[in-house]
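In what comes next, subunit A is part of two complexes: it sits with subunit B in the first one and with subunit C in the second one.
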Partner chain A sequence: MAEETLLADDFLRQLINVGEVDILVGLPTHNNAKTIEPVIRAIQTGILKCFPRERAVIINADGGSQDRTPELVVGASIGDVWSASKVYALRTMHSISTRYARSPDPGTALRTILAAADLLRAKACVVVSPDSTTIEPDWIQRLVLPVYNDNFDLVSPIYRRQKFEGALMRNLLYPMTRAIYGYRVREPYASEFGISGRLATDFLTKETWNDERSRIGAEICLTITAITGKYRVCQSFLGPKAQPDRSASDLVAAMRQTVGALFSSLDSSFPLWSTIAGSQPVPTLGAPSEVMLEPVRVNRKRLREMFATGVAQLEPVFRSILSASTLFELQRIATLDVSEFNYPADLWAKTVFEFAASYHKSVISRDHIVQALVPLYRGRTLTLLLESRDGSEEDIEKSLESLCGEFERLKPYLLEVWADRK
Partner chain B sequence: MREIIITELTQALQELVRAVAHYLPRLVVMLIIAFLGWMIAYLLKVLARSILRLTKFSKLSENAGATQLLHQAALPSSTELLSRFIFWVAWVGFILLGVSVLGIVGLQEYISNFFLFLPRLFVALVILFFGLLAASFFSRAALLAAVNANFRSSRLLSISIRIIISIFALSMVFEVLGVAKETMLITFGTAFGAVMLSLAIAFGIGGKDVAREFLEKRLATGKKEEKEDELSPL
Partner chain C sequence: MPLKRDAGWAKEAIIYQVHVRAFFDSNGDGIGDFQGLAQRLDYVQEIGVNAIWLMPFFPSPLRDDGYDISDYKSVHPIYGTLDDFKTFLSGAHDRGIRVLIEMVANHTSDQHPWFVESRASQNNPKRDWYVWSDTDTRYRGTRIIFLDTEMSNWAWDPISKSYYWHRFFSHQPDLNYDEPAVRDEMWNVMKFWLELGVDGFRLDAVPYLIEREGTSCENLPETHDVIRELRKKVDDQFPGAILLAEANQWPADLRPYFGNGDEFHMAFHFPLMPRMFMGLRLEDRKPITEILQQTPEIPASCQWCLFLRNHDELTLEMVTDIERDYMYDIYASDKTMRLNLGIRRRLAPLLDNDRRRIELMNGMLMSLPGTPIIYYGDEIGMGDNIYLGDRNGVRTPMQWSGSWNGGFSTADPERLYSPPILNPVYGYQAVNVLSQRRTEHSLFSWMKHIIRIRRSSPVFGAGSIEFLYPENHRVLAYIRQLGKETVLVVNNLSSAAQAVELDLGRYKGNILIEMFGRNVFPRIGDLPYLLTMGPYQFYWFRLRRI
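Up next is the complex of A and B:
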């Protein structure tokens, strides 16, 4: 109940008025007026269809929207959903909004939602991204049911993606989390997920909230907490993932949010992950992971150029992070043309592990280490594009498995560079 | 005549003996102070070395780029250099303290000046260290931001930032030390102005093509470039 201090008085009053609930749906927002209405409608329909007898509440944690997003959330009438779906709830469904800060902070938004779930003693808590324009009412059922009926503590999503989308997830987050923590969670950093009340309560007491780097990537820390805390984890197939418009600057922010938080988590959990070898699958509900094979226009020359420029310009930075042999290999690759460009999986795994070890030793500013990885990630993405250009779904899956295998095979190398007093 | 000479010589000898007798204990005291000073300075050196190693000062110095500079100048590591510096400052301080016991007229002022100079020297060293640290940090931050934004002259930008901050720190150091204040002020002003002017010229020359392309794209209506998809990382 220490989390009560995090919640504003007015918000707390509204929560007390709601009373205990069975299902809490959290919606962290910031200027999402364009996309929020269909998302709210899908959530309401999902709850009405699948959980008409359960006590449910929608909690909107807003980071200072200027476009009336909170008003749209609170004002979304359930009457429209009733008439459209012909289903009626037996309980009142509340929608509450709170402004946790004047500027967006995903970590604080999640913390606010979890604190509300803890206070209302929610049995299941679902977090939905306000950008998810592809959301279907069934998503709520798929994220809640495993917690509600099967006692799972974390339901991680699996999306249907275009074959080149989610490259950071496929190239780094998934293979590294899998090799480090030994569980094959496809989306360790999820924008939609379901968690049990007990995991929410436990996660609120973690150190994550006191560390700036971990807080900005709280979603990945939640997955790691669930794995390391021996909670029951499963995956649920949701459907196609909407891709918000992103610019090049978003990549650096995304790296900070995900890779920074993942690297940061390695420090405290070292005794645990250092003894894990190999990986095990987690139960997956619904259809298996699928990829869409539609072609995407990407400027490969530009990616190669950004990689080569990065390797050349950041040489003094790389000297303090990478081993001489890895840097030499990268410099060699940087001279290759697009047609023969290849950043092999084993070298990529070694690069990432050397970055993780340097991050642990703080050889330079930790934020600079994460930023220095960006041009190299672009090089690896180019290899992924070239490899999967004409590949079938099976080929893409095989290539991902091979990359994960390299990360697992080279884990002793991580332990070696981790312990090495450079 | 002979007696006078003998008397004078005896007197001179007696005065010399008296002077030696007067100074000898002070000399002994000075030597004792110098010896004790050496021991204390040595202990301080060992203590400083341990503290610097414990606090990972070498890593901080590496981040500041000081290690690289020292290596290029074939000097010992920053930890060793700083602990040696502490040793010498402490020992010289004790020697001067000993010399002041001798009571040599004229030296007293220099000795007190030296002790007054010590805090300023320390402040100057701290400014220099943090100046180098800031120069290294901000130049690297600029380099990373520029590379990730695909800025062409990233290294130039980074080096310019490092030079500007280093010059700024050095001018502050010289001002604190009171060494060639005016010269340093003029040098800093000139160097800063030169860097800014060269950056402005470089930006103008380098950016003219970009500006032309931008205007052409804005003004041309018929020619439309095919849009490429941006890959989402997550």
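Up next is the complex of A and C:
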């Protein structure tokens, strides 16, 4: 069994002491001391408020924190929760921590958490991001209850976001996953989610863990596994999601984790997705959260420059990835200034599909393919900003639907380039 | 051999709680009696207990199973005569068994001559023996205990045209302990029984003796004055006799009832009992360790009384709302099982007749600090009848054999004071003393064994306790220590096998001797001591340095 070598002896001993549980909350961390305490407090309060009778454990999989994050997790006292929230614990609630590596590896962190869930026979497993400072105790209920009471296997979150946040999700991951796999899961790569014990157990057996590209994007692979494995998937409205500060280099890493894993998943699941047309909604629970319309300062000029520079500098790379017509169009757009800039949805969908096909065929290094998509993504993001600058919530939703519609409409084009690149 | 006149006996006691009416009928009238009880003293001795606590046997209209007394200095004719009582008492003492009786001090029956006089007119000399009022609005801050039956703590008396105070049923008027004559008379009652030779009293409903406006009318300082006065008289005139408090309160509120060793000798630890049941079903030691952590130290001469079940409902007054809901859902899913704020069930049905759980609970009862009380019939795993009213379902006839009326009485079954348990699982044909005596591995045989072991060491009755907190929360482990004797107790609250590592570093070099089988376990070394335990298993180890 994979988990036999994955879990350290000391961690295993802690798991033996915890024993079988109903709910397991996983917390992958790396140097999160600044934000971890309110997150832990919300988790504990959420469990005590909504699941006072259930056997619960908080498991911290740490990637070598130097700031005492694990100590803060383990040391968080239930007594403080009791005094602050007046919720009473019937049971012992364990908080345990394991250092799975000296450096962070989100895939291994998730695998450690799932292996613990499997060993402890957790009925429901929730993963929470350690930098979700907007987390409320209710999140736990919203992620656990659909699994616990309604037999869903994957509960994917829907956040209340600022209208320019989550651009990668809106521009690429959601429309593409939806078009490919036929399910409208808004956050296919989520930092918070709930899963059933049986999905956790099944996912542990997948090849995902043996492929580095998939492993680093294990969360999106989990969503795909749930969809392709015919597990019961739903979405749950959580609330506002704070966006951690990210540098430009983070985007490349994020693209690798998400887009790379998504592209990679297409290889093995081709027989399945190639027969799917259109998409279907998934059950969505809770009160919908509207988009936050507060203005946000974005440097549009810089985005345009990064796009134009990328198109110029990466032209040789693009020649091996993109069709001539697509590249021509991109080069044309790169000459436009901000006021006229427009990277249309159909062209974006074609671009992404051509990248996916090239990734499949490994026309160049797969990593380079994903990296090459970054400047183009910035161009598409600029268009999104321009389109939704003064848009209402309805306008933004309409624009997203239109983009998704393009991805679905052009899916035959993906099949075409997949089989025989143009 | 005469019994020692030293109240220290209470710490070494194991008490058997008996209702005369339910134990054995000697004259075939369908009701248990003192002659019957005397005839069965050999059985009580065989169990291994060394004290009996008798439920009320005084003349009474029996509207509350004898807790509504109409004459404190006599025996209800249905149970026999005062001479029968004396014969029983002497027989018990001959066997080294002490006898505690009830002192229902808070209230009388409304049929008691004192109340009959008191209500006769507002000028009657005994008028102030009870608490009267022209309105029913006094003492508004006082809770109602019997929520299922009583709307108010005041009842209208049409004879004297005023209200009288009652904390329990309206036919049980509260005595007025502000009246010196009442205090004198109640001492006379106690003296009467002590002179006959009883070894102590369980004082019923003690927190409610005194009322004061603007208070909850519970646990008042004046109540403690009353108790101290009684205790002094007992100590001065009847050394060795003990007072046991029935005060269903939180530990911190109970602590004052021990005073400085000058009030009660013993008090029931009410909040612990439901938490033992809770811990078992949660498979988590937390409720038990938590309540014992909250339990204050008591004077060295004092002692807690522990019990699993008794004649009342399994009271859930001393738990939080969330705990109460849990207990109801787990142990009383059928609402018929619920009464007031509690569950009217016996031990075996509460534990689904699971022998391992019954043994574990008794194991904890016998090893946690305090004097254990065994409710009659629980030693053989008797069942209950939740369809009998009030708490009568746990007060059915003792099941002696599989014969006529379970060997309880030769009367026609229809004449019995209560129908015996008849169902195929718990009925007397399945569960009875005779059949269990014949089997080495019966619950009865096991109970005798554990009682013998408990009594083999004073550490259980008088030793200190120190909890170990192994990381496995399903395991409740503690060290009992008295002088040079050290006992390690380890309980697996889980329905599954468990591994547990105990930090016994302080006892390095000792070997463990398992007290039931006297087997030697490995010596304690530098590493945490690893034990593997079967479902609901428990160990008692004597630590020895050899």
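Quick note on the criterion: the second predicted complex is superposed on the first by the 417 of 422 C-alpha atoms of A that agree within 3 Å, B and C clash if a C-alpha of one lies under 4 Å from a C-alpha of the other, contacts with A are read in each partner's own complex, and residues count from 1 in each chain.
Here, a residue touches a chain if its C-beta (ideal position, glycine included) is under 8 Å from a C-beta of that chain, and two chains touch if they have at least 3 such contacts.
Not measured: the values here are computed from a predicted model.
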Exercise for review: Sticking to the clash and touch definitions up top, decide whether subunit B and subunit C on subunit A clash or fit.
Suggested key: fit
Exercise for review: Classify the contacts of A:189 with the two partner chains as first (subunit B alone), second (subunit C alone), both, or neither.
Suggested key: first
Review point. Which partner does A:53 reach: the first (subunit B), the second (subunit C), both, or neither?
Key: second
Point to revise | Dominant toucher of subunit A (residue count), subunit B or subunit C | key: B
Exercise for review: Check whether A:104 is in contact with subunit B, with subunit C, with both or with neither, and answer first, second, both or neither.
Suggested key: neither
**Study point:** Which superposed partner A:240 touches (first subunit B, second subunit C, both, neither)
**Key:** neither
Study note, to complete from the structure: Between subunit B and subunit C, as viewed from the CA centre of subunit A after superposition, lies an angle in degrees, nearest 10, of 140
Check your understanding: Looking at the overlay, does A:391 come into contact with subunit B only (first), subunit C only (second), both, or neither?
Key -> neither
Check your understanding: Touching A:19, do we find subunit B (first), subunit C (second), both, or neither?
Key -> second
**Study point:** Which of subunit B and subunit C A:94 touches, first, second, both or neither
**Key:** second
Review point. A:64 contacts which: subunit B (first), subunit C (second), both, neither?
Key: neither
Exercise for review: Report the closest approach of subunit B and subunit C over their C-alpha atoms in the superposed model, as a whole number of Å.
Suggested key: 39
Check your understanding: Which subunit A residues are contacted by subunit C in one complex and by subunit B in the other?
Key -> none
Check your understanding: Contact residues on subunit B for subunit A in the complex?
Key -> 59, 62-63, 137, 140-141, 143-150, 154-155, 226-234
**Study point:** subunit C-touching residues of subunit A, taken from the complex the two chains share
**Key:** 13-14, 16-17, 19-20, 52-53, 55, 88-92, 94
**Study point:** Footprint of subunit A on subunit C - complex, ascending
**Key:** 278, 282-287, 320, 322-323, 326, 470-474, 494, 496, 498-499, 501
Practice item. Enumerate the contact residues on subunit A facing subunit B in the complex. Key: 164-169, 189, 191, 243-252, 254-255, 258, 296-299, 302, 305-306, 309-310, 313-314, 317, 320, 362-365, 368, 371-372, 374-375, 377, 381
